[in-house]
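The same subunit A turns up in both complexes below, where it pairs with subunit B and then with subunit C.
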Partner chain A sequence: MWFHSKRLRWTIPWLFLAPALIVFTWFKFVPIIRGLVMSFYKVRFSGSDQWVGLANFERAFSDSALHAATLNTLIYVVSTTIAGGVLSFAVAMALEGQARHIRIIRTAIFIPAVTSIAVLAEIWRILFYPGATGVVNQMLGVFAIAPQGFMSDPDQALFIVILLQIWKNVPYNMVIFIAGLASINRELYDAASVDGASALRKLWHVTIPGLVPAFSVVIMLSLIRGFRVFTEVYTTTGGGPADATEVIMTNIFKTGFERFDYGYAAAVSFLLFAFTVCLTIVHVTVKNRIDRT
Partner chain B sequence: MGSVSLHNINKSFKAVDVIHDVALEIEDGEFCVLIGPSGSGKSTLLRIIAGLEEVTTGTVSINGKDVTELPPKQRDIAMVFQTYALYPQMTVAENMGFALKLAGMPKAQIAEKVRQTARMLELEPLLERLPKALSGGQRQRVSMGRAIVRDPSVFLFDEPLSNLDAKLRVQVRGEIADLHRRLGTTSIYVTHDQVEAMTLGQKIVVLRDGRVEQAGPPLTLYNDPINTFVASFLGTPSINLIEACVEMRGGEAAARLPDGALLPLGSGHDCREGQAILYGIRPEHVGIVAGGQEGGITATIHAVENTGSDMVILSDAQGFRVSAAFKEQRPLEPGQTVTLIPDHSKVRVFDAGSGKRIRRHENS
Partner chain C sequence: MKMTIPQRIARGLVYALLLIVFCGPFWGIVATAFTKNTVQPGQLVLWPSNPTFDHFIYAWTEVKIWIYLFNSLFVVAIATVLQTLVSALAAYALARKKFRGAAIVSLAIISTMMLPDEVIAIPLYLILHAELPLLHTSIYNTYAAMILPVVGWAFSVFLLTEFMKAIPRDLEDAARVDGANELQIFWRVVLPLVRPALGTATIFGFLMIWDQYLLPLIAVDDRNLYTIPVVLRSLRVDEVLQQNIFIAVTVIATVPCIVVYLLLQKQFNRGLMSGAVKG
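Up next, the complex of A and B:
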């Protein structure tokens, strides 16, 4: 009897989990494992796949197009993380509070975070239209600046896509920072005032230490989003012009679905996955070390 | 050390007036307790003294100097907070020395002052620890250390014991009293706990709805409250306030209680025949005898609370409730009929309408 009840207790949670587990296994875990297996093969659409061992992985280290895409991704990640982080922190500081007008502005600012990327990309294309009739070009014209190429100019395209990512991420990060600010003990600010701290000292000794968990979340999300960025680039520039905005994910997409080199695309995907996992482990380790000290 | 003077302090948050015309003098070296229920304005008043809140009108003076417009750091005050407000990323030593560092004091001097204060508060072994590695009591001691190390004219305490458990509260309360004896620094202490107020304060200021109801030494307020609010706010269990009607008998006033009992009020009370009053008697001034008896209030025991050192009887008379408290253990049980005999010399009479005290004439 005892055996049965214990067995039942063990079984019931798994029964509840089963539908989700089956769906996830079929649509997520199986493709992940098949992708990993595929990375050791040269995939052929006619005939059987050819085992190539680690050749696809070795190729990734000597692929100049992938290296260029990786460099673009790094620029993308570092810029969006730093600029996005600083900007969202500043916006959060400015928009913290319960006043009605602040709540309205906060809601307005949050709209890009919940809007489809396809829509945002279209807005970006309208704003940064390269001709003289483009919205931003018309504004620049007021200051007698000649129309810019923006997303059609290889020197500017990556910067414009980075701006889109920042615009989309800032409101989301702002909410994380505002939640962090609300959790800071207000008496710490009073104590700092009594201690004679200036506004800058309060920011340094009270606000920023109190926001370490929020910074941690924002940085981690920004890094993961940045390294795996695809939709923002694909819907705006598609990686062009002249591969100026090519990032790792668009490179993988083209390798897999345009050049049909599935094995190699799977190997690069797996390398990106492994790198993201390592990044997360490093981040969690650093965060735990900060928490302990 | 310093005296604190508040002149006609008013404070409004938008349309809501929270402090009304408060005037208060706190002597140099005095331990003053601000007490009142939630929303009485006691913490706002303390924050006004600290400079953390601006006054709407009125002036704050510390040591005779008008500090109304000065920021907290220029007021020569130090504050101990309810949540301790220790900087979590700083060690105990850094927390204690932070204000001195901001004031530009040389490092060696800061270290020496921190060490001296830490020794006084027995915090020396904890100096290199972070606040999260300390117990609640230790954190509060660090918070006090941070205030002491600055050697201010005035200490401000904002409900510093609220976050501690009952046992620790008694211990830290003793430490605060001891520190005040040793340092003699003017202290202003906010609490809603009347035991803290009675045990620590040399002066108690009772606040209600942003107004000072009464200020004075603890026993004066306890024995000589000016109204029912002060009378019932101080003392546990609370004073018995029984609705009654004045009857004059041969020039002497007596109180007719709802159950028909007639209790003497003594001569000289400024009241008239038929006046509605509240007959106030503290539980410890109510005697108790078993069974029904003339000259007292016949009641049935509703509950007996025995703490070991004290015994409190809650009893139901006809139309009102009376509590009695005494030190000795007595064989009393719920349901038992007893007679409660108030000590007539300790009765405090209040007007039933205004709640104000009806005093005896000086010459009576």
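Up next, the complex of A and C:
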């Protein structure tokens, strides 16, 4: 048969790769290149596109709405990374172990991590309903706190969306930490006990150093998710009220699909992509340096 | 380790708090969806009074939620199968074959792992609209527009490549001596040996595709093609729709993910852990 012939053997790997290469080229590589090219043009619907050089990028550096969105994104990223990381570590410590009831609790609290964001957003809108009937407002009522505006209050909206992201991430990160905890050598704990180390010292000198790889994964996931965040914001607040929760991706979405300014939207997307790549490179470099020491 | 009574109580309280925070809201929507009495916006009940299936029946027959549920399930089923198959084929070539260009291909595929899908949304939208050669039509507003873009997923290719690399050469050589061709080796020797990894790739693929929001938003604008995540938002702003019915819809939208997760939990945890160990 043809694949036994020496002359055609070289085609075999390419035949296996062909379906993947087709979908990756069509839906990843071509859009990346097209996006890059578009960012140098003013895209028009009638007539041909107009070359504008770096004008779209220059505009990005003086666009105050984009700057506000970037600041919100940074707040979002920093708070979900730090609070999410610390909380998931704490939950992992509380739910470590192989006992049956602990395994059941771990499975149960994982539900938010596997539910789609669109559903979580609807649950969040019910819990944090701004009127007195809302679940959280009723709870606050018990402590005689007046009903809050939550996602309809520009001062609170971003915080509530951040809480949603943390709620979804904590169970997910917890499993990564649990795996990390399981990989720590038990003898290190025994040795520390023999040396008379307190629980706190064991945590600081054995557990946390042993979890560096897990922390590294959790932080990286959280940073990448944070910078590209779209659905969490779009489905809860849509960027409002008064742009209080506008992030980079919702800003790009509106520029592209509501104002049809494709060239500029593509340019901002490209900046975000370039930034994500830099972030990954920094992360890998730092990680390699830590691994070596 | 023996715990004192105050320690046991403290532990119990921590467990209760975690369950309330992470599962409470889900219990709330389920209980409310079964409650006959109409609730106020934002209200959830702890226990269904006058339990009833009415809201689910209304959601099914009047809101026609089955259309969107079908769309979601159809897209996720076809796309997950295609994604896993395409990834396994590519992984076989990358893991088991030495050929010129292998390094460039794997670098190109892995580089898309860093690429947030969101940043190519606009060019992707234009590409979905583009007329295909010969067919004189675009895939915009078809199931294909929601399926094909998620078929290529670097994570899945990468995961399966790693597992296929670990298979001893002898098994493959033995099959070859017996006269098996490449496809038979792939299908009968390699795939069965990476079955656990296939399970992991499948569940991660399922959840990733089920959770797609931006893609269906830009790929279709025919309401009859909407998936569950997309339709939720338009149902919410529907003023006439009773709160309990909307909540019943939300419950229906939650069920498939949880069922799949509970069925494939072992594979899922393995995937998360392999990520953690590799760092």
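Please note the rule applied: the second predicted complex is superposed on the first by the 282 of 293 C-alpha atoms of A that agree within 3 Å, B and C clash if a C-alpha of one lies under 4 Å from a C-alpha of the other, contacts with A are read in each partner's own complex, and residues count from 1 in each chain.
Everything that follows uses one rule, which is that a contact is a pair of C-beta atoms (placed from the backbone, for glycine too) under 8 Å apart; a residue touches a chain by one contact, two chains touch by 3 or more.
These numbers come from a predicted model, not from an experiment.
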Which superposed partner A:205 touches (first subunit B, second subunit C, both, neither): first
Touched partner set for A:286, first subunit B, second subunit C, both or neither: neither
First, second, both or neither for A:193, with subunit B first and subunit C second: first
First (subunit B), second (subunit C), both or neither touched by A:185: first
Which superposed partner A:176 touches (first subunit B, second subunit C, both, neither): second
Partner chain in contact with A:20 - subunit B first, subunit C second, else both or neither: second
Partner chain in contact with A:123 - subunit B first, subunit C second, else both or neither: second
Partner chain in contact with A:278 - subunit B first, subunit C second, else both or neither: neither
In the superposition, subunit B vs subunit C on subunit A residues touched: C
Complex contacts: residues of subunit B adjacent to subunit A: 47, 50-52, 71-73, 77-79, 81-83, 85-90, 98-99, 102-103, 130, 146
Touch list for subunit A against partner subunit C, complex: 1, 3-4, 10, 12-14, 16-17, 19-21, 23-24, 26-32, 34-35, 38, 91, 94-95, 101, 105, 107-112, 114-119, 121-123, 125-131, 133-135, 137-138, 167, 170-172, 175-176, 179-180, 183, 213-214, 216-217, 224, 227-228, 230-231, 234-235, 249, 252-253, 256-257, 262, 265-266, 269-270, 272-273, 276-277, 280, 287
Interface residues, subunit A side, partner subunit B - complex: 185, 187-188, 190-191, 193-197, 201, 205-206, 209-210, 293
Residues on subunit C engaged by subunit A in the complex (per definition of touch): 11, 14-15, 18-19, 21-23, 25-26, 28-29, 40-44, 85-87, 89-90, 92-94, 97, 99-100, 102, 105, 108-109, 112, 114-116, 118-127, 148-149, 151-152, 157, 181-182, 186, 207, 210-211, 213-214, 218, 228-230, 232-233, 236, 246-247, 250, 253-254, 257-258, 260-262, 265, 269, 272-273, 275-277, 279
